[in-house]
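Here subunit A shows up in two complexes: once beside subunit B, once beside subunit C.
Entry: the complex of A and B
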């Protein structure tokens, strides 16, 4: 078990990362989330990173992995709340988060998940990866 | 150029990487960095610190708060006694990795700072110096 709580809201899982994660914690979260997707039959996963002061290549890889694993398990992942300074740094670092959907905030993220679950994926929504 | 403050800390575990990030943040704030500049040097430090742990077998970070006239900056020196890097130009290439990562650590860190230097040889460890100025 990671120390990061995973909340269930309807058929979605919500994770709000509030701590400066060391690498083992990030790996534990990845494992916990995939387990919970299956256990709770979740269709959507929302990861709130508004409290994260940095996203380095390790955290970026974890977000990519979670998105890829949940896709295989028929769930949609949306990352919300990225800080502007983090976005600027990520692009300069060379990390494009190709396989990860992003939304500005939790409201928009939930709407995006709903839309994809209800109407399926539009080609326009697909961002590779 | 004056060193206004400095400190050395161990970089041996992933907890140390978190502590290194926090120390860099404190110095970047002390140097008066903007939020974006803070984020860039903390992220660069995180990448290099993880390399020190994962590839160098652990080492140290020396952190300095610099003043050059009106300019202030932060310089970080990461040292390990690990196996060293045989081909530095290959290690600096985007996407190249001998481990599990994305291969963006060194090349990405270099893009996030104003000064970057790496010294390494097989069997002689690795030293990476990063500096960012306000």
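Entry: the complex of A and C
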């Protein structure tokens, strides 16, 4: 079973998902990530899904879960790099990932996390619902 | 009819020019169904070729099956005729009259030349069947051509009506004109998301000034587009909401969950303010700067 690497950039963690997700991998990722957030005292988590061509309800739920877990540990989660086709499919499926913040690419995601950490959550008006 | 060779080819051959004249006269007089055709050079030319081809195809064994190999040149000719007429804006009756008006002169010719009621009946029956099939084939082609035309226009309209405009660095505008149905939403969404990736825009202004009505379905499509843009990391601002539409949205109880502005100017101002830019009137004294 392959493992998804978690990279540390300053006080952010970067997770790049490049393989097909399945139950055990998702559980392992959640374990690893929560452990690393506590260990590194990370304030932000970026999940890069630019390599994924298919995002189904399972991955959607996993992203929501990770975002919720990070929030409990006081870290901001941003999903970055979603492809246009994936976005359309998700919307057609009715999965709008309302609990998750999104950004176009890693650059933008990093800037967004910076902004939220510096100004606090109240300043953020991007939440869709 | 296969063993008993029809006399029609021979008769057409012998009386071709007289038949052609009668036929063209008949076309000009018009049919009971209301179609008339002018006797212009093109029609005469087509009629000549039709008679020639009818004679040739009728000599073959499969006289009454116009979908057989022997009738292929005739079908090509009819396709050409009805396509040209469909594009020139002829009515279906006028197009069909081209073929059906041959019946009268042809039957008169058969009556003059063939003695014996049985034989005459057989020949007229054969001719009717062939000419009816050819006429129907003409109308079918006519309809097909019109459908192609409509399809092409629809496609062009679709492409024309969904531009994505870059208003500012990082600000895209999507002026929607016309009703939003599923097919258009799909195209709007695709082109918007592609432009977001290309330009790295963080704000997209969706302007619905040109959308005549907003019902639950249109709102649903708007929400989908907005959600998809949000998943790509771009915020949407809805603008150009007319007073009646604002009322409709409230009466229908629609919740769009998006920042909305009355005009695109307001939306652009908000987008610029969010990205930390301000528009300054340089002629005014500094104290009266509008912020």
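Assume the second predicted complex is superposed on the first by the 122 of 129 C-alpha atoms of A that agree within 3 Å, B and C clash if a C-alpha of one lies under 4 Å from a C-alpha of the other, contacts with A are read in each partner's own complex, and residues count from 1 in each chain.
Operating definition for what follows: a residue touches a chain if its C-beta (ideal position, glycine included) is under 8 Å from a C-beta of that chain, and two chains touch if they have at least 3 such contacts.
What you see is a predicted model, and the numbers here were worked out from it, not measured in a lab.
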item: Superposed partners subunit B and subunit C on subunit A - clash or fit; value: fit
item: Which superposed partner A:120 touches (first subunit B, second subunit C, both, neither); value: neither
item: Touching partner for A:92 - first (subunit B), second (subunit C), both, neither; value: both
item: Computed vertex angle (subunit A) for partners subunit B and subunit C, CA, steps of 10°; value: 50
item: Contacts of A:60 with subunit B and subunit C, given as first, second, both or neither; value: first
item: Which of subunit B and subunit C A:82 touches, first, second, both or neither; value: second
item: Which superposed partner A:20 touches (first subunit B, second subunit C, both, neither); value: first
item: Touched partner set for A:102, first subunit B, second subunit C, both or neither; value: second
item: Least Cα gap, in Å, left between subunit B and subunit C after the two complexes are fitted on chain A; value: 9
item: Contact residues common to both interfaces of subunit A (with subunit B and with subunit C); value: 84, 86, 88, 92
item: Footprint of subunit A on subunit C - complex, ascending; value: 186, 189-190, 193-194, 196-197, 200, 202, 224, 226-235, 257, 259
item: Touching residues on subunit A, where the partner in the complex is subunit B; value: 20-24, 53-58, 60-61, 83-86, 88-89, 92-95
item: Footprint of subunit C on subunit A - complex, ascending; value: 79-80, 82, 84, 86-88, 90-92, 96-97, 102-105, 108-109, 125-126, 128-129
item: Residue ranges of subunit B in contact with subunit A within the complex; value: 14-15, 17-18, 21-22, 25, 35-36, 38-40, 42-43, 46-47, 50, 94, 101-102, 104-105, 107-109, 111-112
